[in-house]
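Notes follow once the structure below has been shown.
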């Protein structure tokens, strides 16, 4: 579904991604782990063209992207992204947040968009908050709205960048629940998270990034019980 | 060692603590848990007189405090506090952070304070960072300095308010390690934390606060395996 | 002291009609100065955040020059300089000088507000498939505009006080009236006290209105 | 255009010696205005954060009045109004007016810096057993002072420009010289252009120095 | 010995300065002008120059004092005197009834015509009557302001007559400027395209002003003024600036402003 080949990315002198290969199959759920600064967020942002890669190749749904030639907006619409800090639009109500992109980008009729929006809000359990402004929501509710907002564009793959790490611990569950459901429905997902329980239960594959390269890639059972790389072992010890 | 009796505390109309009784014995390690807003931080802050209680009574080391009559600075010196966001003094080096209070409050000689400070930095594993400024430290290092800084006043009890929740997951361990060691050395401690593994291993008692009252108090085994209160059960489910 | 009070009251009673007219002039100058400054400021703020190096350079020069010279020099310069292109009345020369002056400060207000919007907002919008223009128009600008209103209100109050300087090109606003009153009546202390009170009352009224608005904003947000 | 250039150059050559002297006066006024303002500002900032309602009230009135009236009114008031109590030279009247004016703005700079220090700093200090005074002296003030220096530098630049207003009481600073030059040479436009350049160069020099300092601060921090 | 009294009056002067009157700075005669009134007072190359300045110097010398000319905006020049900023005004300020309620005036030290100036080639304004409702530029607090107010409500205020005359040359700004004839002529000579309308409206009497209570100082000034007129110093100064003696005016049949 989404494929990165030999991705290199530097910020000035700092080489953050040093040739990453990542092949995510349709309906697969990949969890990315790694210590702070290892390049997890950068990789996700490259997949969404919020950062431009220096070399390598990104293919989405069989189509290799040439960022210089194509309409990036169109490509981004196919890849949903959920951020650590939600990034809801504060000047728009919950429903308006969700229907903004369908109306502006897809030129969907307002009525139709609203119906779609309400369906998605129902899906994340926030139907009753449609007319509320984001500032009135808890962190967990905000993140669920953000997920609904992304889904409104019917993306082919969803990227999650530490979606629960800005949440109070008792609010983490409700967001993970929505993500789990999404995975069960067959959404292709790449998730950066420190929630190891979620990784164990939901991931098809766990990938460990260290200093800009993939050093381990295995199904959850093997990843935790039989890590190959020394750094992976250390990491597992730290977070367990 | 530190005893709170029927503590009430309101902010304006909001009653945050509604009659809390907490008796911490010498050398005991108590872990406080509860959802966000339940009053955990407020309770710790009352014990350190950063907030003044509206009614009730606080006794430290057998001595009941009348905040109106006594020198609060002296009492605070007997109770160490470690904050979520470290609150190191950015304009002072690591060693200066540690020796500031002994010199200013206890009028300790600079030479002597430095010796004490270096010993404490050794204890938290940061001897080599003595002359560095806080901005150069990682979060975990900052928090360990903060612990050393508190210890420099030789407090009778240490209060920790979510000491690891501002840390990247891979840095949590080094702080918990220092705290564990402290507990083993017999320090009386009250710890607000979401680290359940730490609670299980180190706590003598786990106390659950909900909406300003203590609803559960038990040793770790009983707390997790045999919770009495419905809200406690919910909470354990959420964080496990 | 009672004497002083009588004197001040005396000056006040003798002059209040003239002052009311002058106050209208002061407020007109202020309003034109701010409105014009907002238009200019918007243009230069857009230039400053644009992709073109030349536009950015022009905006930078404008802002540096205006912020690097005293308003009173700008007023004189415009009054005697712009003549070669177009002759205008002293009132308009003063109002335009205030507008040109404000333009640089308001450009910085807008730029600050736009750049103060969390980059996450832009990223979220882009990630949804909105293009740069849509992102600016629908996500960034509406938020930036709302944030600009309190500093714009503040700029209005600054301009109200700054408008006193156009007395130098002979516009009959409050301060010039006080000056003449002081010279004619030889009651300098009382005259300047009275004019200070006029400004103070005007500033306090607008400060109050601004606070009201800000509180409303805060309530909307919460 | 070449004509204009020749004229401006002509004015420049004819006046630069006088302007150098006037620049010294401008810089003296500015320096005294800022130093005096810092002293006054420190006192009022302490009053504003003090426990006493009366002191806070006095500080509030002072700050409101000064920020609510134009500097030029304050200068006139001090020069012609205060005479009844004490007569001072126009230079000192101007410098003191600038100082009194700055005092209100600098008080807000200090207050902002003090209140901008993370409350966690105060709490950490108190929790270590330091009393209020020790906490203020050893933890809060040193940090607040460091933070105040960039806005103080900015205030210096504002004062440099504001000092042009004391021409109104006949102090021989740069702007008054431009006025005299305009009246003498019948070249108003060129004179004000030259004086604008003087201010611009001075402001740019001080802005540059301020940036240098701020960068140094940033490096120290990182 | 009036003709040859420089040493004599010097001694009188120093006596006076020591005991008869208080000066701002001992031994100095501090006098004010606007410095924006060429050729009477203006600054060139950092030096204050002009007829008023030279007269001030001569009078100070007569009184045995160090001259100390300063400048201050004309609008506030009287307030400055009354708030002890200088000892006297030698700044082309005419003696009027209204002003003499606030200050004391010496004998006039020259005569000057108040005149209407218009842009060169302006045929619309031929006489004072044509000023009705026109836009007139004057210096605030000058006698010309009072005159202008008789013709129009549309007055534009300036800090300098010279600058007002400059503004007059700009199309669309001003219809006329009222100022001293000599000041206008000087501007004309400097190349400004302005011209005087008809004859001067009136003759006025610029005089030296001191504070009301400084009677001794005023007497000393009058005495010194007499001396320099009689010993030819005055004529020399006047010839230097104007090529004629400004006191040689036939006051017969003309309006004298009071």
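Letters A, B, C, D and E mark the chains in the order given here, with residues in each chain numbered from 1 onward.
The rule is simple: a residue touches a chain if its C-beta (ideal position, glycine included) is under 8 Å from a C-beta of that chain, and two chains touch if they have at least 3 such contacts.
Since we're looking at a predicted model, the values are computed, not measured.
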Requested in this report: Note the shortest touch-path length, in steps, from subunit B to subunit C.
Outcome: 2
Query - Where subunit A and subunit D overlap in contact partners, by chain label - result: B, C
Query raised in the report: What chain pair shows the greatest number of contacts?
Result: C-D
Report summary line: For the copies subunit A and subunit B, the interface residues, called same if over half of the numbers are used by both and different if under half, are same
Query raised in the report: Distance-wise, how many Å sit between the C-alpha centres of subunit A and subunit E, to the nearest whole number?
Result: 84
Query - Chain centre separation (subunit D, subunit E; CA means) in Å - result: 37
Query raised in the report: Got the subunit E residues that touch at least 2 other chains?
Result: 76, 79, 83, 159, 166
Query raised in the report: Going by the touch rule set out above, which residues of subunit A reach two or more other chains?
Result: none
Query raised in the report: Residues of subunit C touching 2+ other chains?
Result: 80, 83, 179, 182, 188
Query raised in the report: Got a list of which chains touch which?
Result: A-B, A-C, B-D, C-D, C-E, D-E
Report task. State the interface residues of subunit E toward subunit D in the complex, per the touch definition above. Result -> 35-38, 42-46, 70-73, 76, 79-80, 83-85, 159-160, 162-163, 165-166, 187, 190-192
**Report entry** Residues of subunit C defined as touching subunit A within the complex
**Finding:** 118, 120-121, 123-131, 134, 138-139, 142-143, 146, 221-222
Report task. Show which residues of subunit A lie in contact with subunit C when the two form their complex. Result -> 48, 50, 71-74, 76-81, 83, 85, 87-91, 100-101, 104-105, 133, 135, 146, 149-150, 152-153
Report task. Please name which positions on subunit C make contact with subunit D in the complex. Result -> 64-65, 67-74, 76-77, 80-81, 83-84, 161-162, 164-165, 167, 175, 178-179, 182, 188-189, 192-193, 195-196, 199-200, 203-204, 207
Report task. State the interface residues of subunit A toward subunit B in the complex, per the touch definition above. Result -> 35-36, 168-173, 194, 235, 238-239
